[in-house]
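One structure coming up, written as structure tokens, with questions to follow.
Labels run A, B, C and D following the written order; every chain starts at residue 1.
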Amino acid sequence: MLDKNGIAKRIAQEVQNGFYVNLGIGIPTLVANYVREDIEVEFQSENGVLGMGPFPFEGEEDADLINAGKQTITALPGASFFDSSMSFSMIRGKHIHLTILGAMEVAENGDIANWKIPGKMVKGMGGAMDLVASADNIIVAMMHTNKRGESKILKKCSLPLTGVGCVTKVVTNLAVLEVRNNAFHLLERAPGVSVEEIQKATEGTLVVNGEIPEMYI
Amino acid sequence: MINKTVNNVQEALEGVQNAMTLMLGGFGLSGIPENAISELVKRKVTDLTCISNNAGVDDFGLGLLLQQKQIKKMISSYVGENDEFERQMLSGELEVELTPQGTLAEKCRAAQAGFPAFYTPAGYGTEVAEGKETREFDGKMYVLEPAFKADFAFVKAWKGDAAGNLVFKGTARNFNPNMCGAATITVAEVEELVPVGALDPNNIHIPGVFIQRIFQGENYEKRIEQRTIRQRS
Amino acid sequence: MLDKNGIAKRIAQEVQNGFYVNLGIGIPTLVANYVREDIEVEFQSENGVLGMGPFPFEGEEDADLINAGKQTITALPGASFFDSSMSFSMIRGKHIHLTILGAMEVAENGDIANWKIPGKMVKGMGGAMDLVASADNIIVAMMHTNKRGESKILKKCSLPLTGVGCVTKVVTNLAVLEVRNNAFHLLERAPGVSVEEIQKATEGTLVVNGEIPEMYI
Amino acid sequence: MINKTVNNVQEALEGVQNAMTLMLGGFGLSGIPENAISELVKRKVTDLTCISNNAGVDDFGLGLLLQQKQIKKMISSYVGENDEFERQMLSGELEVELTPQGTLAEKCRAAQAGFPAFYTPAGYGTEVAEGKETREFDGKMYVLEPAFKADFAFVKAWKGDAAGNLVFKGTARNFNPNMCGAATITVAEVEELVPVGALDPNNIHIPGVFIQRIFQGENYEKRIEQRTIRQRS
């Protein structure tokens, strides 16, 4: 079973040379720490920076330089700043190759819900609706089940949707799943996790084809 | 050169009235028009509709207007940093229209640029698209979103000149340029009002034509919302 | 009767303090020479400059600094450069207060034709269609009649239109006309030109109300 | 940092084929991709559809491609500086789609920004709107214009870096930024390729994400079309 850093580490393997990547708040932010150093990658933050670097050293924080999670950041050489309209031109125009974001629920048809729990929590969608509606390659980083042990990998989302039929891959603490043909296709198991355990934790249709390898982390 | 300078924030906000629709730049607390917000608090204008990506925090930014219950309706993409906001929203005191961030930016830009509406894929198939016109182009579905209509836009820039030309800094740029000229009157406050000619015409982010009033801002706090650092190794 | 410079001089009186003005090619370009010096005005050229100044001195021409007529220009202090999309945001978004352009024909309903003579000349509309479709205040600078003496101030345009119902005023070598309620309202006569002469040169409906003053040039 | 540099114009144009649709930046002869145009002439690719505000003059800019009859169709707003162009157009050899200048710019920007189409007032009631969908918003009529689709965009910048970041100069900026990322492959040629980090991230006109290939251009002529001067008094 993976922890949050493990999920981030596994997702980092999906980041390819030459990719522009948008990282959501939470686990996705951690992905930057695990990307191979021998490939060229740039991180975009939708509030208006491309070429985002690590957090600043103490004393070097700048209120005018934050990421989409409002965290202080740095900019790498070759970075650029731009306005919100241009930022979403990059996203909507499919110039960003990979979007990694968290979710409360994912459905087997690729639907995703991550912005609202009616009557309980409404923080808003931020840039998530634009991201999932636009990107061709959307990886969801999440726990396979909620705190009550209920599956978040579903036949159908119960919460208000963020986007429809858009998720391409899900990486959880238990498994790597490809979303295709109205089903979750099991690609990899987390270390020490059996196909049966994954099956049990998955409410949506799970397709298991042949021997399922363990993740290489 | 057409001179847009006003002497202070009081002059800059002349004409702001109850029940108006205001645009306010900034993302989180970065690049927010601090002076204009303070003055709105002082003026006690109420029943405002505020278009702003975020709603500030409890005791800063638009949170100050929420405390005073001056806001009737918020149009935002993310409001999750503010307890008073959540209280007012859940109690029904505050009307909230959540709008995807890219859509919010483009609704500003559409107003600035004279586009009545635009088609965006964001929100299709979600409750955001409920009651809205949708349409297929090249096999993909889009939602028709109208341009914003606002009375005042308050933006904050790093540098500006009397002609109204603006330069923003870092990610404090965000929605500010898109709101310039998107309201009947756009008011720019700047950290530094520089002499005309001091800004390189090649590096001006927003030409003065979009600005009606500009003034030298004061006492910027520029609060950091999430101070994150890494250890020196 | 006015010459081209006279027309420009008269139009310059329409330019008010605080106006952003877009000047078309030809007579309109001359207007800049006659604007009162005690008012604040900025000239926009739709290829991407606001705060356009006079032509450069010899030896100071810059291929990277031209106006919409492809003429070398200068930029005044407070000027800015921008891309074509933003330039037309200014125009379409009604941030430009006054558009002055030439025409081949103007009709009493405010239609204008200035970009094409079928079978003979097709240079294109450039920015004219955007300008006339967007601006609230459009003044046409033109000769009242063509080389064959035929009126260009018409009941209905015969040439392909540039825009519909948009012209607010026409200043010709003979008169100042306001376009309103499907008619040309005669406001002023050029020096030495009689109402009868204007009437004769005008094919469209001409409304003459009371005494018509001579222009003050 | 993702490196976009290619060694020369030959590498930059790899993949350009007959019958492709190309975007070319520039207004008049200002800011045109001179190196790319020369290479297109050398490659003798034909049946091209060229999206460019102007068509050059007889012996410079796109006029060079017209001379060689490499262009099947031009999409432009103004073409009145070119006799060979007029000849080919009137004889029917050349297809011409005249498009209002602001519409042309926005059709590029829409392609860059992922908008399938947009509503503009330009051209309503004229032959430009014939056969197109029109629609009323707030009592005003608009024409629906689709985004461009192009295979290559060739743009010319003043300065650029290996990350593909671009800075333009004066009015040579024009359509260039709007064409970046508006085609499948965007090729930028620059007067000066500067080291990564040399450009102020605050003053970059086009972030490198929109650019696939960048190279140091050569032998810029930068011809002036209408040399106008005033007398020293």
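Note that a contact is a pair of C-beta atoms (placed from the backbone, for glycine too) under 8 Å apart; a residue touches a chain by one contact, two chains touch by 3 or more.
Please read these numbers as outputs of a predicted model, since none were measured by experiment.
Using the average of C-alpha coordinates as each chain's centre, A ends up farthest from subunit C.
Chain pairs A-D and A-B differ in how many C-beta pairs are in contact, and the one with more is A-B. Taking each chain's centre as the mean of its C-alpha atoms, subunit B lies 33 Å from subunit D. Subunit D has its Cα centroid 36 Å from the Cα centroid of subunit A. Note on chain placement: the centre of subunit A and the centre of subunit B lie 28 Å apart, centres being C-alpha means.
Look at where the CA atoms of subunit A average out and do the same for subunit C: the two points lie 55 Å apart.
Multi-chain contact residues, meaning those touching two or more other chains, occur in subunit C at positions 49, 75, 81-82, 85, 88, 91-92, 134. Subunit B has residues 109, 114-115, 120-121, 168-170, 201-202 in contact with two or more other chains. Interchain contacts give a graph that is no line, ring or star and is not complete, per the touch definition above. Per the contact rule defined earlier, chains pair up in contact as A-B, A-D, B-C, B-D, C-D.
The touching residues of subunit B, when paired with subunit D in their complex, are 114-121, 137-138, 140, 142, 146, 167-170, 200-203.
Those residues of subunit A that touch subunit D in the shared complex are 18-20, 40-42, 44, 49-51, 75-82, 85-86, 88-96, 134.
Subunit A contributes residues 45-49, 54-58, 60-67, 69-73, 75, 81-85, 87-88, 91-92, 111, 115, 122-130, 133-134, 160-165 to its touches with subunit B in the complex. The part of subunit B that touches subunit C in the complex is made up of residues 1-3, 109, 111-115, 161-163, 165, 181, 196-197, 201-202, 204, 207-210.
Contacts from subunit D toward subunit C in the complex involve residues 27-31, 53, 76-81, 86, 89, 96, 98, 100-106, 108-109, 120-128, 158, 168-178, 205, 222-230, 232.
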